[in-house]
Amino acid sequence: MSSLGLLSTRGVSLSFGGVLAADAIDFDLMEGERLAVVGQNGAGKTTFINICTGFIKPTSGQVFFNGADITALSPRAVTRLGVGRSFQLPQVFTEHTVRECLMLAASAVKQRRGFLLPLSQAVDANEVDETLELLQLAARAHDLAGSLPEGQRKLLDVAMALVLRPKLMIMDEPTSGVSTDEKHGLMAVLMRALDERQVTSIFVEHDIDIVRRYATRLCAWIAGRIAADGLPEAVLRDPIVIKNVIGE
Amino acid sequence: MRLRLLVVVLAVAVLALGLFFPWVKTPVLVALANGLAVSGVIVLIRAGQVSFGNAMFACLAGYGTAFMAREWQLDALLLIALSCVLAALAGAIIGFFIVRYRGIFFGMLNLALSMVLFSVLGKFGAVTGGTDGLRFDRPTLAFVHFEREGFETALLVLALVLSIGAGWVVQRYFASVSGQALAAIKTNETRLEYLGISAKRVFWGGYVLAATLCGLGGSLFALTQGLVTPEMGYWVRSGELVFVAILGGSGHALGAFIGAFVYEFMKLYAAALLTGAWQLVMGLVLIVMVFVAPKGVFGMIERHLRSRSKA
Amino acid sequence: MEVRRSAANQLVSIDCRCRFPLHCHFKTDSIAPMNASLFALALMDGVSYAALLFLVALGLTLIFGVMRILNIAHGSLYACGGYFAATLGLVITKFGLPPMLAFPALFVAALLMGVFLGTVLEFALLRRILDKDPILQLLVTFAAFMVLEDLQRMIWGVQPVFVSDVVTQMGTLSVAGVTYTRYQLLVLPAVAVLAFVGLRWFLAGTALGRQVTAVTHHREVATAMGVNTGRVTWLTLTVGGALGALGGALASPTTSFTPGIGAEMMVLSFAVVATGGLGQIGGAAIAALMIGLSRSFAVYLMPEIEVLVPYLIMVGVLLIRPEGLFSAAAARRI
């Protein structure tokens, strides 16, 4: 077996009901990369993420993280190993305040179960405040997560994952649902935070400008396979990619 | 701070009431027992789940108390403690399976299990006393043998202490790591899992706590009445617990007790004045509350205190 | 209490005035070995009991399917239907009206009660809680149940109400060496089958029925497509309520009605609905048969667990399949 990267897959396939959502994927992600994933809807991008984070089990093949086989692990276990995830529709605790959301996330790090231990005493307040600053959410710390506008909800979604100090952050369409003039600002904040924490990242994107600006590597997915993989500019000039992914 | 003052004032008021009007002791004891059970129900409500079967833990503990009193003539304190252990164990075992379910399925399974218990208690009369239930003699309390009056007073003091203690535990739990995670189950379980927290385990902890509180209430109720019947575990009883939770306000343990007192005394009032049509009155009150004050009496108090502090 | 014995002095049936037709219908001092005629008896009683359960459960599952609300007051509809049917029966006797009217009177009672209570419930309560927290929705129907319990007591008192003229009118017949009442053997299952077929036809074959189905699947989309959801909900509550009341009305000639019977039927019919799958008509039918038959056979083989059986079945099914025997996807195949 060739040497494994931070995240690697070998022969990962997923078929359901005759559809091949993933077709024998061999893939390696190195530490420090900022990988963008593009592809039409249904090409297999989210499926791949779900497989890598343990949400779905592949029909065949293996997934490795940091050299360990994580194919059969649950999302909970995969998270604990150091993979953070944010969602297309931000998943936050709508009836908790922003700060409380982060505190809950922070409490998961040390696995302190405390039946009577107040949450505020179980977590490192500095850690929480630092992350709030990093994601520019400090002003909204005491607002209910459910009251946040979409862009800040996305940031909170990422913040909660970031508090866990992951080595790899997987973001599913981080700028979708956000207005065009806010997109770049949002992405800039996200990327700066990830750089600060030295987190390797994968992000699924539809906006090609964002891809050009922030990615160090680009994978283009077509019908369950990685059709092109390499430097963003090179991939974006690939005729197959232009035809099947961008040219819409 | 204001809240703690309120609790102390209320407790003292209740005690004084019981001492000056001896006939009030029984309904007060019943209200406190109910309040304890309801505080268990509000733990589950915090996770966004309703159980239409939690009376089964109160019933189980009550029968446990009755059995142990009859067989071993234990002291009341021991009876309560052991019955709580029984309820906690039942909660732990049942909880192990039931925490996989949510929403209406969770509610239904709890209901079904409580009806199994209810039916068993009613049918196997030789052991359980059947539909007439089990009577037992007044036990000692703190190893002192009391007469009727004295026992009730002593039990009242004990009940108040237990209630304040339980309320404190519940509020502290709500603010704790586990309690906050429990509340997150209501809004986003997926996120919890993706933080590395096991929603099932957290829910299980809450379920066991709820079962124990319901058991505490059931044991106290049994000691107050000296009698346990299968009705303690009937589905209507479980529904009443949820009713009281919403009536009093499911956001705070104090709400559980306020609700229980309002419920009990409205029952008395209606029984006295409307020849027992208390269900009619309570039903109408609940309907009005759902539309006008869905956060219950405690919610109204909170709103009032908050607007006062802003003024 | 009337005891019937066969020519060979075998115990055939005991007719006593108690809560459920099955309760002591064949209570023997010793557990009789299961022979052919006892088997036939258990089977027939199970089917007639299942028919009643099905009617009530049908109403409950229909209401849940359309409104996504579990109507805890449904058992009260059963009770009120039964009480009112008994009252009509007494009125017929008292005013010397032709006894033939007793049977149709049952249906009239159910219809009137269903429409009346269904309309009141829908208009006063259910329509206004559609967008509220599910816990609050449940509590509102629970409150309605409490109110109706007291109203029943105030109107009909606490003494058992039992008007069995219809059953005696129809006489008995002999099947497989067992004497059985025509009412329980023929009428009840026939009504249940008619209700099943009728409702299925209505939902699939009529425009209004298809609108109801649309609302069941997706309320918002149906509204967007111009379906008058207010009318649909009213119709659902009245039809569902009438079915519940019909169960009660048809049970009234064989069962004595006392306070608390509504609560009992509520939790039983819920067991049927939950086992069959919420909102599933076919599921309700199968679950009703399962529970009805298991219970009647339990009375023979293991009388102590008779009352337990419905809930054991419910727990058993829910632990394996929380959605019940049929879930939305499966039902479309039927």
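Per-chain numbering from 1; labels A, B and C assigned in written order.
Everything below uses one rule, namely that a residue touches a chain if its C-beta (ideal position, glycine included) is under 8 Å from a C-beta of that chain, and two chains touch if they have at least 3 such contacts.
Everything numeric in this text was worked out from a predicted model, so none of it was measured.
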Category of the chain touch graph - line, ring, star, complete, other: line
Chain closest to the assembly centre - both centres taken as Cα means: B
Distance from the mean Cα position of chain C to that of chain B, given in whole angstrom: 33
Averaged-CA centre spacing for the pair chain C and chain A, given as whole angstrom: 53
Centroid distance [mean C-alpha coordinates] between chain B and chain A, Å: 44
Shared interface positions of chain B, touching two or more other chains: none
Touch list for chain C against partner chain B, complex: 70, 72, 125, 128-129, 132-136, 138-140, 142-147, 149-151, 153-154, 263, 266-267, 270-271, 274, 278, 304-308, 310-312, 314-315, 318-319, 322-323
Chain C contact footprint on chain B (complex, rising order): 45, 50, 97, 101, 103-105, 108-109, 111-113, 115-116, 119-120, 122-124, 234-236, 239, 242-243, 246, 277-280, 282-284, 286-287, 290-291, 294
Chain A-facing residues of chain B, complex: 169, 172-173, 175-181, 183-184, 186-188, 190-191, 193-198, 205, 209
Touching residues on chain A, where the partner in the complex is chain B: 53, 74-77, 79-80, 85, 87, 91-96, 100, 103-105, 107-109, 111-120, 122, 146, 160-161, 164
